[in-house]
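Pasting the structures in now, so scroll down.
Look for subunit A in each of the two complexes below; its partner is subunit B in the first and subunit C in the second.
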Partner chain A sequence: MAQTKFIKKESLSAWLEELGQDHEVLAPRFEGDSIIFRPYDSEKGFFIDREATAPPKKAIFPQSETLLEYSQIKDMENLSKIAMDVKETIPTTSYVVFGNRPCDARGFTMFDRVYLNGEKVDVYYKARRENTYFITLSCEKGEATCFCNAVGSGPSDPSGSDLLMTPVKDGYYIESVSKRGEELLKSSLLTDGSKMKAEADKYKKAANASMNKAPDFTGSPEKLLAVFDNGAFWEEMSDKCISCGACTYLCPTCYCFNITDEANGLKGTRIRSWDNCMSAQFTSEASGHNPRPAKANRLKNRVGHKFSYYPDLHGGVISCCGCGRCIKSCPVGVDIRQIVLSAIAYKPATKKEA
Partner chain B sequence: MNSNPYLPAMATIQEVIEETPTIKTFRVTLNNPNLKKDFTFGPGQVGQLSAFGIGEATFVINSSPTRMDYLQFSVMKTGEVTSMLHTLSAGDQIGVRAPLGNAFPYEDMKGKDIVFVGGGIGMAPLRTLLLFMLDNRKDYGKITLLYGARSPVDMAFSYELPEWLERDDLDTHLTIDAPFEGWEHNVGLIPNVLLDINPSPKNCVAITCGPPIMIKFTVQALAKLGFEDEQIYTTLEKRMKCGIGICGRCNIGTSYVCQDGPVYTYAQLKKLPNEM
Partner chain C sequence: MQNLKDLKEQIRKALPELDVVIGWTGGYDPLHATPHFIRRDEDIDKLQVNALCVHNLATYLPALRGKKVGIVVKGCDSRSVVELLQENLIDRAGVTIFGFGCNGVVDQTKIRRIVGDVGNIDSCEISGSDVTVSASGAEHKLPLGDVLADKCATCRYPNAVLSDHFAGEEVTTTATFEDGYKDVVEFEEKPVEEKFGFWLKEMDRCIRCYACRNACPLCVCRDHCVAQSRDPHWLSQEAHVRDKWMFQVIHAYHLAGRCTECGECQRACPVDIPILLFKKKMNKEIKEVFDYEAGIDPEATPPLMTFKTEEDKIRERKW
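For the complex of A and B:
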């Protein structure tokens, strides 16, 4: 049975301070014009009234992280003989992400199928995932760019979260979603919340009702494949794109990475960092051949991966949480919803009878 | 090999063979005796070799699982990692993440005739399967090998060729692109020589690997000889990083070359989106 609690609005900072004793707390705050998740600092506070500009992806999937440390050990008896010592660096920090939206937490469920449930388990991701708690805030209403309701989610969807907070009078109603989420509820700042359930339910219902009509992505896997070889279609869709990569870096469900070495004398590190399939380098091969030479090829892969290949591999689940960030932050107004809908609506111009 | 799929096993280079001006072969053994004892792979599987400080790159394990004294990788110098690997010599340490990817379905090929068509460094993935079949010779029917390179100098594994030419249970044909003094084998492009050899597609599989353009024309020649798409195997190269289906780099539609490949039948390739 899920535990339900209540916290007064003015107690939130104190609660974060408490949580900060055992965990690194990440909370969104303004940085310039952007709202970014940063280590919580009581002086700088937090801002949870709107969806953050960037998702809290780095808690579990840092922009850059060390996988290995190596050092070469010279044999002083025989200088041409060098032994190599290689160590893995499994992360141990425990994070609490506070004030993320349901789409942000659900985004990691897209990672999980690939990073945890494939043939090989990504031990770095696993360590971070198991050490990270999400205290998610239900949304009050959908923004123009939100479409979580079209991808099997919604403004108070608890999937991927450990706790779900819903605003009620003077504070927040908190439900435990995962068993481990209950560990975070021991604070004396939290009181019994069972009486607020009705009010929270009402809030959630109103939020659901406020959402824009969900675009209908039914059939996207086949329809995107059907236009795969249609160069003109993809040229048109990618016409404006400037290959800046903002859409992938800000996306809670984008998980591609690169692995590179950094040498420092006899020692060095092997690092993994975010990569992005919208860049020309991504697939360029040693022979000089590039299977995705033009931005049209690359946009096709980005949209295809999320709305066709991933669903085909993972029981129909679309690998997009509908957060709308790629739409909001694209400098030239590329809208992934429109691309998928155009592919679904596409009818070959000259359809002759066989 | 390891519970951390990114952690390479350390290995020692036993021998470096200069194959051609741009290709070196590395024979390595794993340092950890238990790993070494338990290590297995199927012909066609690949490994990531680490040049620490530079990075990793993907290479076919081109030795045979029937000969486990060492693992062999042949490396063509093209960029940063491969250049660094070319500086290594016997006794040096190297990181190995293997085996990755799929193998040739050598069990399903039992009882069949086999035609190998290799071009240049593309001979590497064929070599592992060829040696495996030669070591299990009675399981397979007639084995034909057609191996081509630009010139005799560019022919890797040249030290093995005399033995292969001599064996009467292996029908070996060598070819180079243009006449060369002292060359007493075929001259001509691989697909043309293949048409001359004229292997029968009956109860036969063809396995081809080489530069994309060579594969393309070889597949056309095989089709002309009556081979069905299901009878033709090839291996694909894609830029790879993780090698375990996670980093998202090597996919063609739903197929991840690092995991579902590198070995595909031509019939499988035809079903994938057109993004080779």
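For the complex of A and C:
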């Protein structure tokens, strides 16, 4: 049975301070004109009134993380002999992500199928995943770019979260979603919340009703495959794309990476860093051949991966949480919804009779 | 709007001879426009030209070389087209330029600062000197001057500097070169530590997406960028502010004397880093040393693409 609590609005900071004793707390706050997740700082506060500009992806999948540290040790008796000293660096920090939206937390469930539940377990991902808690805030309403309701989610979807907070009068109703989420509910700042359930349910219902009509992505896996070889279709779809990586790096469900060695003399680190399929180097082969030479090939992969190849491998689940950041922050307004819908609606031109 | 009507007419006449004409149309909500690729007659009807048409479409031209391309340009965008011609990155015969006089475009960040939640825009009306934005049921009347991009407030080239077709009336301006660099002068006067501290703080939230580079019409190395080259290894793949900052410095140097200050780098930045300041600083220096401005004269050679044994204003001897 899920635990239900209540916290006063003015007690949130104190709660974060308490959580900060055992975990590193990441909370969104304004930095310049953007809302970014940063280690919580009581002086700088937090801002949870809107979806953050960038998701809290770095908690579990940092932009750059050290996989191992190495040093080469030369044998002074035989200089052609070099020993390697290698240290694995499994992360141990425990994070609490606070004030993320349901789409942000659900995004990681897409990672889990790949990094935890596949044939191989990614030990770095596993360590971070197990050490990160999500205290998610239900959304009050959808934005024009939001389409979580089209990918099997919604403004108060608890998937991937440990706790779900819903605004009620003077504070927040908090439900435990996972068993381990209950560990975070021991604070004396939290009181019994069972009486607020009805109010929270009403809030969630209103949020669901506020969402724009969900675009219908039914059939996207096969429809996208049907236009796979249609160069003209993809060229038109990618006309305005400038092939930057903003959409992928802001995406809570994009998980591709690159591995490089950053050497400094005889020492160095092997790092894993975000990579993105919009970049020409992404599929550039050692021979010099690049199977995805143009932006049309690259955008096709991005859309295809999320709405066709991933669902085919993972029981029909679309690898998109509908957060809309790829649309909102695209420098040229590429709209992934339109591309998928165009593929679904595509009908080959009928040949004119001679 | 007269120039929109004229533009549509001009494009309609020219389209049969062209593969595509690039303009703008409405975006995902009434506050946003988006680039629009016109291939068919019916696409012309969707053309939009107003203060929301921020994108510099010249960025698409080098990749379309070899095709017959029409492009709709504001004054600043036309300078990028001229610069691309100067550098022989596009062919004059392959480009048909549809120019008009621009009264400025909005800075979405400034609108967001005032309106706050722009997630649910009901409508956006631009009339004369006002922008009226309705968001989540509340109406905000914003003086256009408060939300214009900084570059527009000091624009000296509101009319296309080069065009095959010009729509509507020319726009007059009294701005001077100095007007456009007051922010740079102000920044220069700060102590070095403060300046460096500013950049460390701003660059720290860079996500290395390179939208700044890909939106830039003069950033033409693209797939061979130093940012991702392993050999030479200029930048690591770390998410360190040192590498992020280094990239912007390289970017600015590559653009010195070539940048037309369209501001697309900054506009494209998803986390609002004020990177145009880097480029403006370089341009101010270029003006001082070479008395040169990028993208004005199709016949000119940018100063860093030529060589003189004795530069007029660079003392190489007798220091």
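Basically, the second predicted complex is superposed on the first by the 350 of 354 C-alpha atoms of A that agree within 3 Å, B and C clash if a C-alpha of one lies under 4 Å from a C-alpha of the other, contacts with A are read in each partner's own complex, and residues count from 1 in each chain.
Convention: a contact is a pair of C-beta atoms (placed from the backbone, for glycine too) under 8 Å apart; a residue touches a chain by one contact, two chains touch by 3 or more.
Being a predicted model, the structure only gives us computed values, none of them experimental.
After alignment on the shared subunit A, the placement of subunit B and subunit C results in a side-by-side fit free of clashes. Judged by the touch definition given at the top, the superposed model places A:260 against both subunit B and subunit C.
By the touch criterion defined above, A:39 reaches neither subunit B nor subunit C. Of the two partner chains, neither subunit B nor subunit C is touched by A:219.
Residue contacts after overlaying the shared chain place A:231 against neither subunit B nor subunit C.
Within the superposed three-chain model, A:121 lies in touch with subunit B and out of touch with subunit C [touch as defined at top].
In the superposed model, A:81 lies in contact with subunit B only, and not with subunit C. By the touch criterion defined above, A:335 reaches subunit C but does not reach subunit B. Between subunit B and subunit C, the smallest C-alpha to C-alpha distance in the superposed model amounts to 8 Å.
Residues 258, 260, 262 of subunit A lie at the contact with subunit B in one complex and at the contact with subunit C in the other. Considering their complex, residues 3-8, 10, 51-57, 78-79, 82, 91-93, 95, 211-212, 237-239, 241-242, 244-254, 259, 273-276 of subunit B touch subunit A.
Chain contact summary for the complex, subunit A toward subunit B: residues 67-68, 70, 72, 80-84, 86, 88, 90, 114-115, 118-124, 225, 228-229, 255-263, 268, 270, 272, 275, 277, 282-287, 289, 291-292, 297, 301, 304-305, 308-309, 312-313.
Subunit A makes touch with subunit C in their complex at residues 31-34, 36, 49-51, 53-54, 62-64, 141-146, 236, 239-240, 242-246, 248-250, 258, 260, 262, 271, 273-274, 276, 279-281, 295, 327-329, 331-333, 335. Contacts from subunit C toward subunit A in the complex involve residues 27-29, 32-37, 39, 55, 59-60, 63, 109, 112-113, 117, 119-121, 136, 202, 205, 207-211, 213-215, 222-223, 228, 230, 236-240, 264, 267-268, 270-274.
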